[in-house]
Amino acid sequence: LKHNKDYQPLSGRVMPRFAAIKSFFRLPILEVARLGESVWDEKFDIALVGVPFDGGTSYRPGARLAPTRVREVSSLGRSYHWESKTSVFEKINAADLGDIACPPVNLDQSYTAIETFIKNGLKKSKRILSCGGDHSVTLPILRAHRAHFKKPLAFIHFDAHLDTYPAAWGNEYHHGSFVRHAIEEKLIDPKRTLQIGIRGPLASQDDLDFVTKHKMTVITIDHPTYLSFDVDALDPAYAPGTGTPVIGGLTSYEAQRILRSLKIKNLVGGDVVEVNPAFDHGDITSLFAVDVLFEMLRMMTK
Amino acid sequence: LKHNKDYQPLSGRVMPRFAAIKSFFRLPILEVARLGESVWDEKFDIALVGVPFDGGTSYRPGARLAPTRVREVSSLGRSYHWESKTSVFEKINAADLGDIACPPVNLDQSYTAIETFIKNGLKKSKRILSCGGDHSVTLPILRAHRAHFKKPLAFIHFDAHLDTYPAAWGNEYHHGSFVRHAIEEKLIDPKRTLQIGIRGPLASQDDLDFVTKHKMTVITIDHPTYLSFDVDALDPAYAPGTGTPVIGGLTSYEAQRILRSLKIKNLVGGDVVEVNPAFDHGDITSLFAVDVLFEMLRMMTK
Amino acid sequence: LKHNKDYQPLSGRVMPRFAAIKSFFRLPILEVARLGESVWDEKFDIALVGVPFDGGTSYRPGARLAPTRVREVSSLGRSYHWESKTSVFEKINAADLGDIACPPVNLDQSYTAIETFIKNGLKKSKRILSCGGDHSVTLPILRAHRAHFKKPLAFIHFDAHLDTYPAAWGNEYHHGSFVRHAIEEKLIDPKRTLQIGIRGPLASQDDLDFVTKHKMTVITIDHPTYLSFDVDALDPAYAPGTGTPVIGGLTSYEAQRILRSLKIKNLVGGDVVEVNPAFDHGDITSLFAVDVLFEMLRMMTK
Amino acid sequence: LKHNKDYQPLSGRVMPRFAAIKSFFRLPILEVARLGESVWDEKFDIALVGVPFDGGTSYRPGARLAPTRVREVSSLGRSYHWESKTSVFEKINAADLGDIACPPVNLDQSYTAIETFIKNGLKKSKRILSCGGDHSVTLPILRAHRAHFKKPLAFIHFDAHLDTYPAAWGNEYHHGSFVRHAIEEKLIDPKRTLQIGIRGPLASQDDLDFVTKHKMTVITIDHPTYLSFDVDALDPAYAPGTGTPVIGGLTSYEAQRILRSLKIKNLVGGDVVEVNPAFDHGDITSLFAVDVLFEMLRMMTK
Amino acid sequence: LKHNKDYQPLSGRVMPRFAAIKSFFRLPILEVARLGESVWDEKFDIALVGVPFDGGTSYRPGARLAPTRVREVSSLGRSYHWESKTSVFEKINAADLGDIACPPVNLDQSYTAIETFIKNGLKKSKRILSCGGDHSVTLPILRAHRAHFKKPLAFIHFDAHLDTYPAAWGNEYHHGSFVRHAIEEKLIDPKRTLQIGIRGPLASQDDLDFVTKHKMTVITIDHPTYLSFDVDALDPAYAPGTGTPVIGGLTSYEAQRILRSLKIKNLVGGDVVEVNPAFDHGDITSLFAVDVLFEMLRMMTK
Amino acid sequence: LKHNKDYQPLSGRVMPRFAAIKSFFRLPILEVARLGESVWDEKFDIALVGVPFDGGTSYRPGARLAPTRVREVSSLGRSYHWESKTSVFEKINAADLGDIACPPVNLDQSYTAIETFIKNGLKKSKRILSCGGDHSVTLPILRAHRAHFKKPLAFIHFDAHLDTYPAAWGNEYHHGSFVRHAIEEKLIDPKRTLQIGIRGPLASQDDLDFVTKHKMTVITIDHPTYLSFDVDALDPAYAPGTGTPVIGGLTSYEAQRILRSLKIKNLVGGDVVEVNPAFDHGDITSLFAVDVLFEMLRMMTK
């Protein structure tokens, strides 16, 4: 197996940024779907993967189209992180592992596919950053991490919504219930869980009971930590391309400030979810998703 | 229970067409979800219903948003049918029964909800025209009709795709397999089935075997007939707002000509499916869906 | 007459939020246009009405399309108000009364239709929240309130523009002159008038003379108060879907903060105007309009 | 007064076609609004004028934005007419006279402004091609021509709608009634009137009575003829940017064929109306409008 | 080097079609830019390459964004060709070689890059199908083919424009002059050149002189033939996503019929150019481009 | 030569703002391309010119379409400046001089055309405000100013990017290198250069070396000053219509505050660049560009 120079992004000064086959940050393409499971044995540290599943969406569907668009827009991103003065891709070896095969019509089967894929990577000591998909995909990702690290994770959660909502239309699993399941299944530690940006609509005060009961407010930093970023944490002016927008949200600058102020020592995984290109314009939501991925990559540098 | 003048559309000369709460063709609103099952006892003949389910979509999702948009655009439609010189709504009593509650994350539960809803209407001797949703919804609608009429139906099928495809990603039920199931479950009579507009991509010649074997080509006209119209039978220039467009399709004029030339004596039900407003522009696909509904209403006049 | 459970919104846990015939906040439909004037005798407190008139627009028309879109987007809204910890629809009985029939080509006739409709409701002791339409509709609404309450109203006015502009092209009545007429007709009390967000273009300093002369700055709170929200008070990044956008405006968060800080004890009516769906994207402007309506509903709870 | 070379379009080989201040076909700018009435004394034969009025629209407004967009898109048009082998602008002297000042809130005042403007031009022996605006603008244009030519005109009318509809919401004048008024006021000769593309929705058969009674079918060719082209004569696939689209219409090729087959010897004026840029995409409707103007210019060459 | 099963497209029944890293028709990725020139030694017959250059555009730029979008949309395409009953990818071995590095600001450098890339492939006996880019890219592609085949090529040219236009703004090379250069440089044989769809605007009859002089009308079929398809040969209703649209063009069905009726025995290369995603909607223009590529692939099967 | 009233904008109270041939701020049209070089002798102080060149763009092209769109949107602007209480157009005489003829395919020729055009104006003692085009156009504009003022200029630079990047794909001149050239050619004084909004992606720390070395941070105010505003200094939520957006940018309000706080005594020229209408929505980016032009006009009043 051969690929471009030692896990560096394809240079924009050789190949213009609008050109080339699109991978995350123009990184080497090591696609499991085409090249097989053996790619996990390659010498990279961090896998970027797409999780194009939106079968858990309650309003506007389309997040399945996000990984392709985020890959395209990530071509604009470069390698240097201003605030930390870090040339990120010189400090890590990252690659694009392609998408996980999630049948759009079958949530159970998709959950299994996601959990298996992530476990395969963790087993080979890779860290994995995922690009959803709707927020329901974070549950099987957390299951895989929980199994691998053998204890509940610290969890940082950007969102407009609590995602501790009860079953809807008789269905336990959807994009608004994964936090509740993550706590009930002891995947994350509610005492080490931080929720940022929450302002979403509630049906009644009962919707807050679960949160109150589990006191999800303290965050520690040397614990294995997972970060999940739902782009609807931002105001719709900054992230129109999402399924269940809520006004009054964060600006992109505020989100960037918060991300940079978090002192996480052991980020073991992360995701950005709920980008919906069909309702975006000028790709500004995808552009923000790229920045979240870049901040998480930076956190993963030493 | 009270409603506007004897099942006539709200007049555009009193209330401008862009105004008013939007129902199909501005007909009386007899919404099962709000008013209960007793509305089926009202004195109308034909129910228009929305089936906002797109959980069977294999490419661009969004057809769940169609019934709302088709209702809005149907405000432009009027009552007189040029070719047949018929004032349609003087010959029939039609009403808008609202949408069927289909959980987006659960195909089985949605199928049950659809079949039950349709059966409830048929039991009260109503004829039902449905506005999907993706094409997977036609299967439970046909099941309800088959059970009611106690024999396989004649079936007219406009589509770019055969919809006799095999299971995908291990899933039997999706928007490309309903015709195969309809034949296997003996819901429709392959000898009385007509497919129009077919040109969709095939993986291999094997995809044609099912069709060849069942010889779906002859159509008779006094048999109880169901008509299902997938808007991707049209060329993408005429129907961009759909999930799996195929170039080289019908023009809207050709489709209208074909619909008007079909001499169906006993249209017992019908649907228009696969409108996807997120990819439409200027609502031209919804506008065409309104016309299909109008042609079917006209077929149901005496 | 029958309707859904005691003026509660149709539950999103039974009927998915993208489904059902669209009414404001999924409230019961008591449409005057279809069901007649007798609906005013029903036992609700607050009427939500659409005023789809844009015949007073000076630049980009299309606000006539707003009530339909705002209804659709309000399906995402829920019932619980975070800051005040109020389950709003448990404290009030609200219903959707449909749209007022406004001929688009005739401002005088539309003004009469609006004033009459509002008066009919006030007579039955209802409070009325309107969704425009362009800002010219606020004048006949204020006329109806002034006649009913028999004294000039306190008035809170969110806008980018003063709306005290002189006649344009020889026409007194347009969407930029209603505040001037409201003061000249003594509908509102300039001493109890507050304008927020003003930054619109002026032809010359003369345009400020009317405002200076009437000293419109003080606001009291136990007086009968009317609140009018022109969405162009927001920055175009937050409300692109409007006819005469002005850069440098409020963010949605700031507007929400201001609305929540206003201590209005007797809100007798309100409106949100100048939403123009044809220039919106991802429905973010409609989404904000829904929030304004929700804040006003909350102010009307005890 | 000075202008570019003898009424020739600004060359695309000197100034790129996307550049320059936009006038129809890049012709000289002789704007009445800026330069005064004296421009009518200049030595051109044909005036192109914008009539940005949409106050007669019954559904989607926005046609007021059409003249600006059609000017922009006409930059792509060139000078040579394939079929007739004519270098059009070598045979005629044409100029852009700017827009007519039509108050959007006042139909009467706009009608007067339009009629006066057109009469001023006809008085100076100019022929005038107008770019609407909605179709209500054709009535005052016809009034001016009728007064000038002192007899009813032959009339060619491309449209999806008859435009002989009765008053709407108590209003006689709107974009669906101008043909009726034109006949009642004896502006056009029903025996020399041809309607092409008609297929629009009718409320009932009564809507056809006016047409039947006046027998509007024969067309002669040496009579002073006026041609009015409503772009909704085309199918929405070809002209989505319009206010009241109707499916099943002409293709752009068919319309072009018909225009070229009409043997009109004395075209005294014409218009293209109902372009609505807010609902267009890729400017394809404006592009077609440019072609209609070009065909009419060609008819005016000798 | 490793890749997926013997040059077959990634199966849509294993990996959903919206998922995976996007290559043309989901074929194996053998990207020269990442993997080096040695990929030309792999055992495939036909290379699909992107040529993302739009520096020759005279009106709306953006064709540089086409290869990425066409790759994405080609995911919908399948393997079976209805009319010829051919499973195309069982008869040929095709791969995606990525994009050619074309500096957007430098036409000369881009021409050299394109010619070199194509020559490298031809030298290894590959046939190459290109996806532009604006039409100026066809010139260096033809230069490479001419050098390789050592005689002028037969040439089939779909376009709205002749592309024999003279220099513009003092520049010889732009997207409207490549056919003139191709003839002057003896790259193509005017006696074996066929132009289809031509109807574009001309400045004067002089623009036809070049064509008349070279009598470009006869086509033979066993000669090495190159096919160049400018999507503006289609009507803007079918291909809005292009830089210089012209109304009155081919439908997608007509274009498909023509392509299928051409009996070309020795298609040595081809391209599809002038797709401009920024002005497309619902990706219908890209969808058509995919079909052109598929037809050319089918012609290359035995 | 004749034009409207003494360099005043066409009044919006006579001619509605959506009407008339579009010039910047509805100012008199004195187009060099149509009327010749003699217009420079007219009695105005300030020339507004369009520079529709985007041949230096590295990602999304389309800025060539900006001058036309900015002209259209500037129709909404008025004459009074709130903060400074200035009726701007009473204090200055400004006119629209049209666009500079820039061949899109040839950067060198465009640079010459721009430099010559600007010099012609400066020679006649006009001040010139330019509307790009991509940012590469600022270099020839600065060259013309440097030659005229005979010393390096103070320079204020709003941008997301440093624009001191090295050659790309072997090309020295592109939209990311003009500041470097401006310093190397001594067009601007690095000690009097201020950069605002910078946050763009860097390939590595080396990209900062040039800036560090030249210490571009101090700004004085009585020196001849040039102001260049790249709209990507704003956040994509405020300026989506641009070619290389970067998240985390200024809000329109912040930019306006900064512009108003700059105490520049001798603004000799300025530009606004990188507006790309093809990726804008609701014209909000153009709307902001109009405001930048207006602020610079205000700075030029005494």
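The first chain written gets the first letter, and so on, giving A, B, C, D, E and F; residue counts start at 1 in each chain.
We take it that a residue touches a chain if its C-beta (ideal position, glycine included) is under 8 Å from a C-beta of that chain, and two chains touch if they have at least 3 such contacts.
Values in this document were obtained by computation on a predicted structure and should not be read as measured data.
Least step count on the touch graph, chain B to chain F: 2. Chain pairs A-E and C-F differ in how many C-beta pairs they share in contact, with the greater number at A-E. Of all chains, the one whose CA centroid is most distant from that of chain C is E. Among the other chains, B has the CA centre that is most remote from the centre of chain F.
Rounded to whole angstrom units, the spacing between the C-alpha centres of chain A and chain F is 39. Among the residues of chain F, those in touch with two or more other chains are 14, 16, 18, 58, 60, 64-65, 101, 103-104, 168-169, 235, 237, 251, 279, 281. In terms of which chains touch, the assembly is arranged in some other way, matching none of the line, ring, star or all-to-all patterns. Contacting chain pairs in the structure are A-B, A-C, A-E, A-F, B-C, B-D, B-E, C-D, C-F, D-E, D-F, E-F. On chain C, the positions that touch chain B within their shared complex are 1-4, 10, 14-16, 18-23, 28-29, 31, 33-36, 50, 52, 64-65, 67-68, 71-72, 96, 98-104. Contact residues of chain B toward chain E in the complex are 58-60, 166-169, 199, 201-205, 207, 235-237, 240-241, 244-249, 251, 279-281. Per the touch definition, chain E reaches chain F in the complex via residues 54-58, 60-62, 64-65, 101, 103-107, 109, 168-171, 173-174, 278-279.
The touching residues of chain F, when paired with chain C in their complex, are 11-14, 16-18, 76-80, 82, 85, 87, 90, 235, 237-238, 251-253, 256, 281-284, 287-288, 291.
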